[in-house]
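Structures given as structure tokens follow.
Below are two complexes that have subunit A in common, paired first with subunit B and then with subunit C.
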Partner chain A sequence: MRRGAVIVAIAALALGLLAFVPWIADGYQLSLAIGILNYAVLATAWTLFSGPTRYVSLATVAFFGIGAYTVAVLGEVLAWPVVLLIALGTGSVVALVVGFATLRLSGVYFVIFTFGLAELIRQVVTWFEVNVTRTLGRYVFVDISQEQIYWQLLGLTALVFGAGYAIRRSRLGLALRVIGDDEVVARHLGIGTTAAKVALFTFSAGFMTLCGAIMAPRWTYIDPAIAFNPVVSFQVLIMALLGGAHRLYGPLLGVIPLTLLFEFLLARFPNHFSILIGLAFMAIVYAIPRGITGLVEQASARLRRGAAP
Partner chain B sequence: MILLEATLAGLVLGGMYALVALGLNLQYGVARIMNLAYGEGVIVAAFAAWWLYTAGGINPIFGLALILPAAFAVNWLIYRLALTPLVRRAKLREQLEVDSILATFGLLFVVQGLMLVAFGGAYYSYGFLSVPVVIADVTIAANRLLALGFALVLGLALYLALTRTRIGTAVRAVAVDPVAAGLVAIDVRQVAAASFALGGALVAAGGVLVSMFLTFNANIGVVFTMKALIVVIMGGVGNLLGCLVAGLILGLTETFVATWVDPGLTLAATYAIFLAILLVRPQGLFGRAAR
Partner chain C sequence: MLEIARVSVAYGQHRAVDDVALRVAKGEIVVVLGANGSGKSSLLKTIARVLPSAPGGSVRLAGREIADLPPHAVVEAGLALVPEGRGIFGELTVRENLMLGAFARRARAGEAANLARVLALFPRLGERLGQAARTMSGGEQQMVAIGRALMSAPDILLLDEPSLGLAPLICGELFRALTRIREGGIGILLVEQNAKRSLAIADRGYLMAQGRLVGEGDAARLRADPAVQRAYLGHFDAA
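Right, the complex of A and B next:
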């Protein structure tokens, strides 16, 4: 119990300090900080579901894009909180449908479904825009500054971590860990496996959608190809795996170095970017399958064994 | 009239999907590798055929004779060098599934990136045998008929090889139970590597045939992967006949939707079928129920 209080206190302190960043940072640093927070939210939200259940979701950008596109369509018409709520609702409904269709079955169906989901939504939105509204591509005129985006993302980060912490301690979190270890055992224990998985998937997707909505005003122009860019899903996956998906704070350890690395790579080698991140990802899968946190835990376990012979 | 034309075009497209999905069925059903970079093979082979035709004047049918062995060799190397470590590491089948999904997802971006650097994002095509042929009042390009013919020949050859030869029987045994196959002196690793490579050769064949009548660019590999996955699931993993039927259903549906509804909604139609299969018969049209 005391350890929990210490963690909460440290997190609150870090959050309080981070809130001052917009006053010290220049424009470039602030945009870098926004990038890091963006991926911190996405990768942690990804881990909320995929960490305990070990169901690899490849659809991060589908939800991110739903959020961003909702802002592009409704941003000028409605008040900001209402827009965020509508985005959240849309993302959650899509997640529920996907969840109920695929999460009753084994993990591979889910992976396949999420693999094409972003492309499907992109094509449907494109079709709708071309044929019904006849405007492909929209300008986002919302009166929200970079600083406000930063603070909103910081708040969302706090929410994601808070939610993750609470879930881990709840019956739902325990149920999901049992499912991740052995789904048959989980069913025999009387856990409603489908309901638990769908609930958490929807929850995780909700955070991704909100993140996309908050990030949307950063682009002044959005079209479906920008909003549903598959590289985003891929980057989130790399970051979460590098950090280690079995710990709540794991993804953060992957997000910070990789956001900086990708920023550098994108500036230096824009044409070879996808080759480089593909290779980086394969290296991670082969060399450190349990991520940085896994490495650290392994090393400390070995030290402890060495100390007590 | 339009109905007949659309049906014929749908059968050609469906034949391609079935051929491409047959290869994925081998890779997933026998080698247990869920290969998300699979569709990139279509694009690489299509570009190879395009290059041979435009630069070397070699027609795609002879190109097939060059590209198929090359694709077999490349895929065998990929399995031996990149995927064998994962096979060794995985204790459970689920673990291999997750690892292979992740590794081939990385591979997808590498291959796609290489294609983009080499060819850019533009659409490519070439005119080979694009002469109209009239069958029962319906006009169709000769290259499409040729592609369908080759797909049928390749599919039939694979079916006979798997059901009538000793090696084919070994492959099917590994698909059913790798451990038991090892007990009856089948070299499971060799069979898995060969099946993976054969799958790669089939997808390359699909790529060459598709390149004769469709435009392609460096980005569309993902769509082929998606469709091949859906066909495999719809037909039932490890079921060749199911693969053929599911491929034809998908090709016909897409062509009908493109003809009468809107070409922009073909992927949505594909997904609708996928969703229906997941809800009603997740084991596939002809698959046996398994948990």
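Right, the complex of A and C next:
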């Protein structure tokens, strides 16, 4: 109980300090900070579902893109909070439908399906824009500053961590950890595994959709290839794996170094970016399979052993 | 009361369980004896709905048909399975494993009372509530598995070879615990290869071979039956 209170206090203090960043940072630093928060939300939301259940999802960008497109279509027409709510609703409904249809699949079938889903949504949006609205690409004219994007993302980060903390301590969280270990046993413990998985998949997708909606005003121009860029799904996956998907704070430890690395690679080697990302992915899986949190836990266990006798 | 009739399980062409009928009353221990591959595990799994049964079979719990329910709803109806190989979660603590057993809605209100009952049954678990389950001995893990099943406040408890791989001493302790669970009014259906021990605590027994029931009777009568002794109790004729 007391340890929990300390964690909450430290998290609140960190958030409070981070809220001052826009006044200190210059334009470039602020955009870096936005990039980090963006991936922090996406990777943590990804871990909410994929961490305990071990269902690897590549649908991150599907929901992110739905959020961004909601803003592109409705951003000028409706008030901002209403736009966010509609984005959240759309993303959640899609996640519910997809969840019920696919969460009976497991292993590699699920991975491939989620990847296909993101591509499918991209193709549907493209088809719709070309054949119905006859404009591929939209301009996003919403009066929202970079600072406001930053603060919204910071709020969303707080929410996703709060939600993750609450879920881990709940009965549902325990159930989900068990589903990842042995789904058959989980079922005859009386856990409705499908309902539990769909609920969490939807929840996680809701955060991704909101993240996409909040990020949309950063681009003035948006088209399906930008909003549904599959590289985003892979980057989120790499970050979560590097950090460690079995801890709530794990993805954050992967997001910060990798966002900086990707930024550097994009600036220095724009033409070889995909190859280098692939190499980074392989190196991470090979060298640190349990992620940075795994390394930290190993080191602290060694320290404790050293101090004990 | 658990009553099953006309229950069959098929793996492709092979019928692992063929037209089986049996019943377990409240406060009764019933054992199904059979050699490896006789279909007794499949029988338990299909009762718990982990395995689909062939159409036409009936599984009734307190008069209610449960053969079409999903596995988690069967637990809600009052049936708990202690699976073969225990199926406990090694990374979770003993307390977390036990609490998972109380996931069913029927068990949530009485959670604290059920936990107290389980700890009274297996005092050793009480000393180790905070310990990761994988660090415990096989016998203790089996206690966790049984305790977890009891946390769902079942009317009928199914056990799939609980004595498998356990030392005789621990085994005796577990079987004594089963008789105390029976005193609480729970019906127990036990699938075992250890015929001697299970017939010693059981009220009735069924004999299973090649997917079919080939005999049944009071445990005392089965113990005395020369055919049963030859087949299951290790009294071999000198060859």
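The rule is short, and it goes like this: the second predicted complex is superposed on the first by the 300 of 309 C-alpha atoms of A that agree within 3 Å, B and C clash if a C-alpha of one lies under 4 Å from a C-alpha of the other, contacts with A are read in each partner's own complex, and residues count from 1 in each chain.
Convention: a contact is a pair of C-beta atoms (placed from the backbone, for glycine too) under 8 Å apart; a residue touches a chain by one contact, two chains touch by 3 or more.
Note that the structure is a prediction, hence the values are computed from the model and not measured.
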item	value
Subunit B versus subunit C as contact partner of A:168, first or second or both or neither	neither
Per-residue touch tally on subunit A - higher for subunit B or for subunit C	B
Touched partner set for A:189, first subunit B, second subunit C, both or neither	second
Touching partner for A:218 - first (subunit B), second (subunit C), both, neither	neither
Touched partner set for A:290, first subunit B, second subunit C, both or neither	neither
Touching partner for A:177 - first (subunit B), second (subunit C), both, neither	second
Contacts of A:126 with subunit B and subunit C, given as first, second, both or neither	first
Where subunit A meets both subunit C and subunit B, residue numbers	none
Residue ranges of subunit A in contact with subunit C within the complex	171, 174-175, 177-178, 181-182, 184-185, 187-193
Subunit A-touching residues of subunit C, taken from the complex the two chains share	48-50, 70-76, 80-81, 83, 87, 89, 91-92, 96, 99-101, 103-104, 107, 148, 152
List of subunit B residues in touch with subunit A within their complex	34, 36, 82, 85-86, 89, 94, 97-99, 101-103, 105-114, 116-117, 222-223, 225-226, 229-230, 233, 262, 264-265, 267-268, 271, 274-275, 278-279, 282
Partner subunit B, residues of subunit A touching it in the complex	54, 56, 58, 101-102, 104-105, 107-109, 111-113, 115-116, 119-120, 123-124, 126-127, 130-131, 230-231, 234, 237, 241, 271-279, 281-282, 285-286, 289
